[in-house]
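Multiple structures follow.
The same chain A turns up in both complexes below, where it pairs with chain B and then with chain C.
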Partner chain A sequence: MSRAVWLTWKMHRFEVIAGVLLIGLLAISAWIMTGHITSLGLSDACWPRDADGNYATNACDSLMNDFYSITSSEGGFVRIGLALVAPIVGLILGVPIVARELELRTTSFAWSLQASRSHWLASRALPMLLVAMVAFVVLGIMGSMFFDTLAVGRQGAALTEVASGGAALVARGLMAVGVALLVGALTGRTMPAFIIAAIVVVAWSVMGVTMIQAQLSHGWAVWTPSNDDSWQTGQLGYIAYVDHGNFDTTKPGEDGQPGARFDFDTLDREAIATCGNAPDDDSGESAEFRAWADCADPIYQRGNDAGWNLTVPASRYGDYVAVDTLASLLVGGLAILLTFPVVARRRPS
Partner chain B sequence: MVELPVPQVGDPDLPVSMPSPVLEAIGASKRYRRGGSWALREVSLAIAPGTITALVGPNGAGKSTLIRSWIGFEGLTGGSVRIMGIDPTADRAGAVGSIGYVSQSTALYRGLTVADHLSLARTMRHGFDAASAELRLEQLDIPLSQKAGTLSGGQAAQVALCIALGTGAPVLLLDEPLASLDPLARHDFLNLLVAAVRERGATALLSSHIVSDVQAACDQLIVLGGGRVTLQAPIAQSVAEHRLVAAGTAPPEIIVATFARPGGESIALIHSSDPALPPPTLEELVMGYLSAARGVTAATGRRVA
Partner chain C sequence: MSGRAAWLTIKMHRFEVLIAVALLALMGVSAWVVAAHMNAVTVGPECWSQWEGSVGRLNACQQAVERWLDINEHESGQLTGFMGLLPAAVGVVLGVPIVARELELRTVSFAWSLQGIRWRWLLSRLWPLLVIAIVGGVLVGFATTELRSARLVSPFEADSMGDIARQGPVLLTRVLIGFGIGLLAGSLVGRTLPAFLVAGLLVAAWIMFAGPTIERSAALSHVSYATDEALSGGGVIGYASVRPLDWLGEAYREP
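Moving on to the complex of A and B:
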């Protein structure tokens, strides 16, 4: 077994080194950024802000300036890296496992020696999955630490950053490995496999995950008075609910379009839908457009003066992460399992 | 075209004393696309154990398809193949375990050393004899520490053959391993093959279109043309049972084919053992049967190089 692992390492050392380097650099960067932000000494004592938007003390104002300076520059790059690097490394590690062997015709050599192609695939894929998992776990821990420090400054991860740390990052990376493995086995060509697998992973990460999150949010959203700023104290946070692309602010009052009576924001911990006025006619609303229908709800009427926000409590954030993690593992695991029959039926080049 | 009788599995005319064939094809047919041309058309043959058989034919004759079907790399459109009695479509693992295979392109892992390839073979094939493979490679002056990517074509083929021999498989399938080798490398390859096969009593099938080389190494001949077997017989017997005459001088029923020699002289290959007539060389014999296959080819519309 150790010999097989060693040979797999020799076959894939360039992509393993590239992947580990990428992840290592990003993990170190996240660790350094975490240290910088932690060293600011920003604490909950700086919250809440007063009516003019000032922090609790002048020192807090200065600290927050430093905080924003870090998070908008180097911290921003780390944030982008945490969202992208794990899937990219997953693709780099996963694509060549089968695709390159088919492309370079070494499958004729290997499959004529190994009686079981399932064993062959397992002996190639498992070491790579193991390397990927260890690398992703390290990055996931660093990502979580980084976002934990951002939360001190009330800048937690957005829903689009669910997979930028922790278990969801590991799952998203492993999902990319699985998809890349399957697409590589199907195409038998490295570069086309990389491109197709990247499209699939991006489609899943953007469209698939967004759809799942929207469904979850529909179930988890609650109405909260818009003047309730308790989230600033850390007791209640609001996170995004549905894609604001469903709303059209240019057509106020038009049937089927909620228009200006709603205020939308996809940033986490903020309301995504605010009913400022009672809707004049909701008869044409689609059944799935919950925000509109809920605005006609008596609860909205009660809060007509103050306005109400349709929000998901921040305490649900962990549930989003859990669902994202499980869904990504399911997709990746399914892709890996499907690779076995594909390889079994595959004709070597 | 006149065809020599090809042994058929279950054929009552098959000699009773013939041992169980190691490699069999029973009406094997292969078409890659529906409506496309046939790579193999109802090929039936049987190869006895302990023989070294040359599978000869032009490019596109179906040699590689036939060999790859035995190892389970190609599914058949019709008929079946067996190796040591195993149908590779039903038991590919069993078939692969019976075979040592050298592919046409001899693709090795460029980044791995020769020693790594032996280690790889040990992890993939139970009972792989790395020591004997190392010994053969040392005799061939191929350094174990050399990376496969820096080997010459001949050396790569030798490494692949040593690994195939190291499997200890009772059957060796060699798919045009000589195609890209220079004469010296071909000579070394065939010497190694013959010595190892004779020593172990294995059975080898060597596809090639270099007739002069297979003559020295092989004792059986199968000519494949247009996806069909046009000749299967021992080489010595095949040569002894044919003669060459000037074109137009022999009765049509004994003519295999008429073809032109390089000088332009038109000659006919005929079924005959007449000592007064010159026997063909193996190359002329094969040329005659390939020319005959072109007749088949023309009828089926299949292009032959």
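Moving on to the complex of A and C:
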């Protein structure tokens, strides 16, 4: 095994150095940002905000300004890095494992020295997978620490950042390794394999994951009144928004809905019956129009006050992470397993 | 520089040629289609001044403005965003393998032994892909110029410094920058994938840091104070706060 590790290092040292360097730089950056934010000394005592948006004390206002200053500049770059670097490094490490030897036409000789091609593939892939795993675990830990620190300022990770820390980051990175390994074995050339695998990984990360999350959101969403005070408390009430509706809770609604859908035509008729037709004034500034609006607004307000949002509670965030981790591991694992029959059947050049 | 050499080069790099041509065609056709969408929405000059925002009920005139702005924000905006990086990426895809692949496959010693001079070998490998890059870049440049003309119909739109390299002849130079950096990186590194990554990093650094710095330096020679009316009424291509305390900033004006 140590001989296989040494050989892999000798063959793919550029990719290993580039990958480890990228991960190392980002992990150190995330660690430094975590330290910066922690050193601000923000505490729960700064919340809630008053109606004007001020924090509990003037000192808190200043601390939150510093917090936003960090998170909107260097902290923002770290967030982008945490979302992108693991899949990129996965591609860099995964593509050349089989593709390079096929491209250089050394596989026919290498395969003749091994009892089975599967054994050869395992000896080539395992050291790279090990390097990738260690690098992703380190980055995953740093990512989790970074996002835990953001919670001090009541900022959480968005749904697009489920794979920016912890186990989900490791899984997303390994998925990229698996896809890159398979595409490399199929194409037999490194650069084309890198481009194709990058397209597949981007498609999965952007479209595939979004579609899965949309399905989950529809299943997990619950109706809640839209007049929440989360902007004052800083406690985000929901993680995903699905729909909005106005409901009359005094009447029975359809399955899962808090009441019957508000009938705005009824309000229109009531407004016309009570206040007459709206004056023809697009600017809305004439005295006649204002008098009509003063009469009709309370009627329409009843409908507006009955606003509800169909949202997924923030407490469900961990479930999204778990599903993302499992889905990435499934795709990556499947791609790695498929590489074995591809290598077993393909021509050596 | 025969047709046979061109055929051999394209055969060797057919994947890269296919990817590059597909991306160039996608960019050119998209720009042309979006420009046609925008031109198809007839917005009278009086409509622009009537439009106050997408609130309340809109008459036909304002609906046309709304529709135009929607195309401009979504279709044109997204396409312009891609134009920042894709042309240079196409150049890199075409430039990297020209020398790197033959070095990596160790076929150069044989190829060089057949040619009297190495730069002639390089030229014979280079020109077919360079022609593809130039022709593609010119066509996409024309299509993006059409898009720019369609955008400038609106008084809300003006040329901005950030978009200079995303249209017309400057877009072609982005393709050529990517091609040149890719070629050099490939020749130095001698392996396609590492050269692709190195060239990608260099091109990204150019687009994000060096290019804007040069554009800003060039614009500084034309800087002049401008009134608020000038800032909102066109004739200004960039705006920057040169002194930290100067909150109003200073405007770059077209020479």
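Just so we're on the same page, the second predicted complex is superposed on the first by the 277 of 349 C-alpha atoms of A that agree within 3 Å, B and C clash if a C-alpha of one lies under 4 Å from a C-alpha of the other, contacts with A are read in each partner's own complex, and residues count from 1 in each chain.
The criterion applied here is as follows: a contact is a pair of C-beta atoms (placed from the backbone, for glycine too) under 8 Å apart; a residue touches a chain by one contact, two chains touch by 3 or more.
On a predicted model such as this, the values are computed, not experimentally measured, just so you know.
**Student:** Based on the superposed arrangement, let me know which partner A:L104 touches: chain B (first), chain C (second), both, or neither?
**Tutor:** both
**Student:** Just chain B (first), just chain C (second), both, or neither: which does A:E15 touch?
**Tutor:** second
**Student:** Under the stated touch criterion, which partner chain does A:M191 make contact with: chain B (first), chain C (second), both, or neither?
**Tutor:** In the superposition, A:M191 contacts chain C only.
**Student:** Of the partners chain B and chain C, which touch A:I92 in the superposed model: first, second, both, neither?
**Tutor:** A:I92 sits against chain C, while chain B stays out of touch.
**Student:** Same chain A residues contacting chain B and chain C, which ones?
**Tutor:** The answer is residues 104-105 of chain A.
**Student:** Please give the residue numbers of chain C that touch chain A in the complex, ascending.
**Tutor:** It is residues 15-16, 19, 56-57, 59, 93, 96-97, 104-105, 191-194, 196-197 of chain C that touch chain A.
**Student:** What residues on chain B touch chain A, complex-wise?
**Tutor:** 71, 73-74, 92-94, 96-97, 99-101, 103, 105, 107-112, 116, 119-125, 128, 160, 163-164, 167
**Student:** Give the list of chain A residues in touch with chain B in this complex.
**Tutor:** 3-4, 7, 10-11, 13, 104-106, 108-116, 120, 123, 347-348
**Student:** Okay, in this complex, where on chain A does chain C touch?
**Tutor:** 14-15, 18, 92, 95-96, 100, 103-105, 189-192, 194-195, 282, 284
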